[in-house]
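Following are the structures in question.
Both complexes shown next keep subunit A, but they swap its partner, so subunit B is in the first and subunit C is in the second.
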Partner chain A sequence: MSIPAVEVHDLTVAYRQRPVLWDIDFSIPEGCLAAVVGPNGAGKSTLLKAVMGLLPSTSGYVNIFGEPVLNKRSIIAYVPQREEVDWDFPITVQEVVMMGRTGRLPFWRRVSTHDRNMVEQALTEVGIFDLKHRHISELSGGQQQRVFIARALAQDAAIYLMDEPFAGVDAATEKAVIELFRKLKAARKTVICVHHDLHTLADYFDYVVLVNLRLVAAGQTSATLTPENLNKTYGGRLGLLSEITERVRKRQVDM
Partner chain B sequence: MSDATWIIATGALAGISCALVGTFLVLRRLSMLGDAISHSVLAGLVSGFLLTGSRSLPIMFIGAIAVGILTAFITNLLHERGKLQQDASIGITFTWLFALGVILISAFAGQVDLDQDCVLFGEIAFTPLDTVMFGNTDIGPRAFWTLLLVLSVNLLTIGAGYRQLKVCSFDPTLARSLGVKVTFWHYVLMTLVSLTTVAAFEAVGSILVVALLVVPANAAFLLTHRLGNMLAIASLIAVIASFSGYHLAVHFDASISAGMALSAGLLLALSLFVPRGLRS
Partner chain C sequence: MTGMIQELANFWSLSDRNVLWVLLGAALLGLSNGIIGCFAFLQRKSLIGDALAHAALPGVVFMFYFTHSRDPWLLLAGAGLSCIVAHVCSEYLIRRTKIKEDSALAIILSLSFALGVFMLSMIQKLPIPNQAGLDKILFGQAAAMNSADVKLLAISSCILVLLTLLCFRSWRLLVFDPVYATSIGLPVRWLQGALSAALVLAVVIGLQLAGVVLVAALILTPAAAARYWTNKLGTMLILAGMFGALSGVFATQVSYLAPRMPTGPWMVMAVTAIFAVSLLFAPSRGLLIRALRRHRQQLRINEENVLRTMYKLLEQHRSPLPGLDSAQILSFRSMLPQQLELVLKRLKRRSEIVQDGALINFTSSGYQHARALTRRHRLWEAYLAERLGLAADHVHRDAEEIEHILGPDLEAALLDELEQSTSDPHGRSIPRSISKEHEHE
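What follows is the complex of A and B.
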C-alpha cells in the first residue's frame, strides 16, 4: 500500500485543556476528494486546523506523506471558513491571492514572474480575474469564497484543506468549484473539504470522515455513508436526517 | 528655524511614528493595547532610572521596551490562559503597571527627577527649550532628534517586515502555515509601539500619544482599501494635525498638544463624510 497523503493517528485536540476532539484516527489516500462531515460544533474546523499542525495536540500525531506535518506544511494549502476572515482589512483580491505565494518572502526577495503567473492563472481558473483590483468587501459571498480558493491554487500545494467552500455559493459557483476539484484530483492532488450538504456528498466526494467530537467513521463514501453512521454522527437530531437516510437507502438499492 | 517650526516638526515626527505603528494596531483590533503600553511604560521609565540612576536615552528606551513587552505578554496571558476578554485583560494590565509606576515615583520622589504631570500631560510647547549641541552649534530640540531616530527605526523595521506584518495581521492562520513566525512579529510590533510611545510621550504627553496612535490610523482606514495607502494617509493626517493643531492652539492660546489631538479628531470626523466610492 502506498503512503497516505494524510494520516491522523489517535489525535486528541483541546482548547484550554477542554478536549473538543477525541481519539481521531483515519488516513486519506493521495489523489482523492474527501469530505469532513458532522453537525455544527462537531470539531470539523478544529480537525482541519489540527491537520495543518496549527493547534497543539494533547496526544497523537498527524503525518503528511509519512512525515510529521510540521516538516510538510509548505505542501498544504488552507481555505478558512468565511466567518474567520476579516473582510474589512485593506487588501485587494489580487493581494490576497499573492499572499499565498509571497507572504513569507523576506524583503530583499522580489516577486518573481513565476509568482505573478501563478496568481493570474489562479484568478482566471476560478473566474475572478476581472475583479482582481476590487477590495475584498466589495464581492458577493460566492466571489469571496473564490478568492480564497484562488489563493490555495496559487500556493500550488499537494493537499488542499477547505473549510466549507460551498457555504453560501450559488449552484453555478458550486459546479465550477467541483469541476476544479476534479481537475485537482486528476493531477493527483488531495482535497479535503468540510461539507454540510448531505445530498451532494456522495456525488462529489470519494471519501468521507464523519465526526462528532469523536470519529464516527471514515472510509470510501460508498461503504461509509450508511444510515447508521449518519445517525451516529447527527445523533438523530436533524429532522432532515430521516429524509437523507431514506435517499441513501434508495441509492444503495439503486446501486 | 523658529520655535513654531520646531514644534510643528516635532509633532509631525511623533505623529508619523505613531500613525505607522497605530495602523497595524488598528488592523489587529488592538488600538487599546497602544493606550495600555503608553501608560504602563511609566513603570519602565521609573525602574530604569531607579536601577541605574541615569536618565539617558538608551536606559529609558530599554526600560520602556521591557515594560511594553511585559504589558503585551501579561495581556496575552490573561486573555489566553485566564480566559478573560481581550479588552478586560488590557485594562487590568495597564492600570496595574501604571499604578506601579505612579507608586514608584511617589515612593522615591526625592530621587526621581521625572515629573508626573509632565509625563502625563507632556507639553510640546516646551520642546524647543531642551536642545542638543553638536560640537558648538545648537542643532535643535532633543525631542526632535529622538523622534527622528524612532521614526527611522519604525520605517526600517516596517519596510523590512512589511510582508510578514501584513500576512500576520490579515490571516495569522495562513501566516503560520506559510512558516511565518507570528509570535515573533507580534512582539516586534509591540517593541515598536513601546519605543514610539516612550519617545513621543516625553515630547507630547500621553494623551496626545494615544490620540496619534489611534486617530490618524482610523481616519485612514475610512479613506482607503490598500494597506500601503493606509500607512501613507495616516502619516499625512498626522502631519496635517500637527500643523493645524499648532495654529489652532496659538489662536486660542491653548495647549498645543490638545490642539493637535483636537485637529486629529476633526480630520477623522471629516473622513466619515468621504463617500465609500472615493476610497483609493
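What follows is the complex of A and C.
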C-alpha cells in the first residue's frame, strides 16, 4: 500500500492537562474526500488543529506522507472556522487570499506574477473574483467562507483541512464548494473537513472519521457509516470516557 | 497679532536649537508611536500601552538609583527592562489563570505605578545628586529635551519604522489570523515578541515628552482616528503616523508661543482633536457624514413621493386638470405642510413643477420623471403581489421603501419576471416606459 496522506497514530490531545481526545488512530489515503464527524464538543476542531501541529500532543504523532507534520506544513492548507477572525480588520478580499501565497515569503521577496495568477485563479474558482477589492466586512457569511477557501487554494497545497466549510452557507455555495472538492480530488489532493450534516455525508465524502473524544470508527464511508457506529458516536455521550474527562476537569477546579 | 506672527516666524526659522530638538522629538515620537499603535489597536489590546507606560516607572527610578546617572540610554534600558518584566507577568496571568486580559493589565498597571511612586519618594530622601526633576517623568517635560534625548528618539523611531516595514506582511497576518499564521509555519512567537518589543520601545521613548500618564494616548488615538479614513492597513499606518507627527508639531508650536503650556498634554489634545474630526467627518464612516447622507436620502424619497402623488391625482381625472393645490397633495400623502413646502421649493428649483398662484403643475420633464417613478412603483407592487403572494393592501407600504433604490437595471429584471403585466395589484395601469412608447408610435 502507498504511504497515506495523513497518518494519526495514538494521538492524545489535552488542553491544560485535560485530555479532550484520547488515543486517536487512523490514516487517510491520498486523493480522498474525508469527513470528520461527531457531536458538538467531540473534539473535531481539536483534531484538525492537532493534525496541523497547532496544538501540542500529550502522546502519539501525526505523519504527513510519512514525515512529521512540522516538516510538511507547506503542503497543508488550513481553513479555520469563520468566527475565528475579526471581520472588521482593515484588509481587502484580495489581500486575504494573497496571504496564502506570501504568508511564508521573506519580507524582501516581492509578489510575483505567478503569485498574482494563483490568487486570481483561486478567487475565480470559488466565484468571488468580482468581490476582490471589497473590504472583508462587506461580505456575507457564505462569501467569507469562500474567501478562506480561496486562500487555502492559493496555497496550492496537497492536503486541505477545513473546519465546517458548510456552516451557515446557502445551498448554492455548498454546491459550488462540493464541485470544487471533486475537482481537487481529481487532481489527487486530499480534503479533510469537519461536517455536520449526516444526510449529505455519504453523498459528498468517500471516507469518514467518527469521533467523540475517542475514535469511534474510520474508513470508507460505505463500510463505516453504519447506524451502529453513528449510535456510538452520538449516543454514548455519557460513556465512561466523558465521565473520566469530567472528573479530571472537576479535580482541576477543586485544586 | 504682528507679535504672534513674529513669534511664529522665529519658531519656524528654527534658529533656537532647543526648539529644533523639541520639534524634531515630538514629530518623530508622534510618527513612530502612531504607526506601532495601529497593531496594538487592531489586536484589541487598547490597555496595553497604558500598562507598559506605568510599568516603566519603577525601572527608570531603579536604574537611576543604581547608576546615579541621567543618561537617557541608561534610563531607557531600565524602563524597557521593567516593561518586559511586566509584560511577561501579565501574559502569565492571562494564560495560566482565569483572569481576563483587561483585569490582568489593570492589576499590573496599578501595582507597578504604586511601586514606582513609592521608589521615587524613597529616592528623594537620599542624598543622590542630580536627581532634581526625575519626577517629571510622570507628566513629561518636553522643554528639558536636549540633543542627546533627541538623538535617542531619532534612532529609536528609525528602528521602529524600519521594523514595521520589514515585518509589515507578517505582522498583518499575525494580527488578522494568528491560527492561520501558525498553520503555515510562521514563527508566531517571535513575531509577537518583536511586536511587543516594538510597543515597549514606543512607550519608553515617549516618557520624556508625554510622561507615564499620557503616553498611551499617543499610541492609541492616532490609530483610532486613522481607522475611520481607510480600509487598508498600509494607508492606516501612514495616516496614524502623520496624525501623530502633526500633533507633535502643533504642540511644540503652542508651547513655544505660550511658554507655560506643556508639550505632552497639548500633543494629546491635538491628536484627540484629530480623532474627533475623524469621528464626525470621515467619508463613509464619519457620524456627521452618515447623518447628512441619511438626510439627503430622506429628502429624495419625499420628492419622489410627491411627484408620484401628483401623477396619481392627475391621472384620476379624465379631463386634464389645470393643476393641483397643496391641500390635495397633503390629503394623499402623510407629510407635514412645511415638509411639502420644502419639497415643492426644491422641485420648482429643478423645474420639475411650476406654480401658478395656488395651482401646481408638472413641467414636461417633471411629468416624465413622475411617470417613470410611478411605473417603477407599480411594477414593484405587481411583483410583490404576484411573486411573493402578498395581499394587495399590504403591498403598498413595502413597495414604498424599496422603490427608491430600484435602478433601471432592476426595473428591466422586474419586467422580465412579470411578463408584461399592465396593471398593479390595485388594478391601476402601469405606465409604459417612455422609450417603449416611442417605439409603438
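Assume the second predicted complex is superposed on the first by the 235 of 255 C-alpha atoms of A that agree within 3 Å, B and C clash if a C-alpha of one lies under 4 Å from a C-alpha of the other, contacts with A are read in each partner's own complex, and residues count from 1 in each chain.
Basically, a residue touches a chain if its C-beta (ideal position, glycine included) is under 8 Å from a C-beta of that chain, and two chains touch if they have at least 3 such contacts.
Given the structure is predicted, the values throughout are model-derived calculations rather than measurements.
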item: When subunit B and subunit C are modelled together on subunit A, clash or fit; value: clash
item: Touching partner for A:I91 - first (subunit B), second (subunit C), both, neither; value: both
item: Which superposed partner A:G142 touches (first subunit B, second subunit C, both, neither); value: neither
item: Which of subunit B and subunit C A:G38 touches, first, second, both or neither; value: neither
item: Footprint overlap on subunit A, where subunit B in one structure and subunit C in the other make contact; value: 49, 52, 54, 73-74, 76, 78, 80, 84-86, 89-92, 96, 99, 102-105, 107, 135, 151
item: Parts of subunit A lying in touch with subunit C, wherever the complex brings them together; value: 49, 52, 54, 70, 73-74, 76, 78, 80, 84-86, 89-92, 96, 99, 102-105, 107, 135, 151, 155
item: Contact footprint of subunit A on subunit C as seen in their complex; value: 42, 44, 165-170, 172-173, 175-177, 179-186, 227, 230-233, 236
item: Subunit B-touching residues of subunit A, taken from the complex the two chains share; value: 16, 49, 52, 54, 73-74, 76-78, 80, 84-86, 89-92, 95-96, 99-100, 102-107, 135, 151
item: Footprint of subunit A on subunit B - complex, ascending; value: 27, 80-81, 83, 159-164, 166-167, 169-171, 173-180, 221, 224-227, 229-230, 279
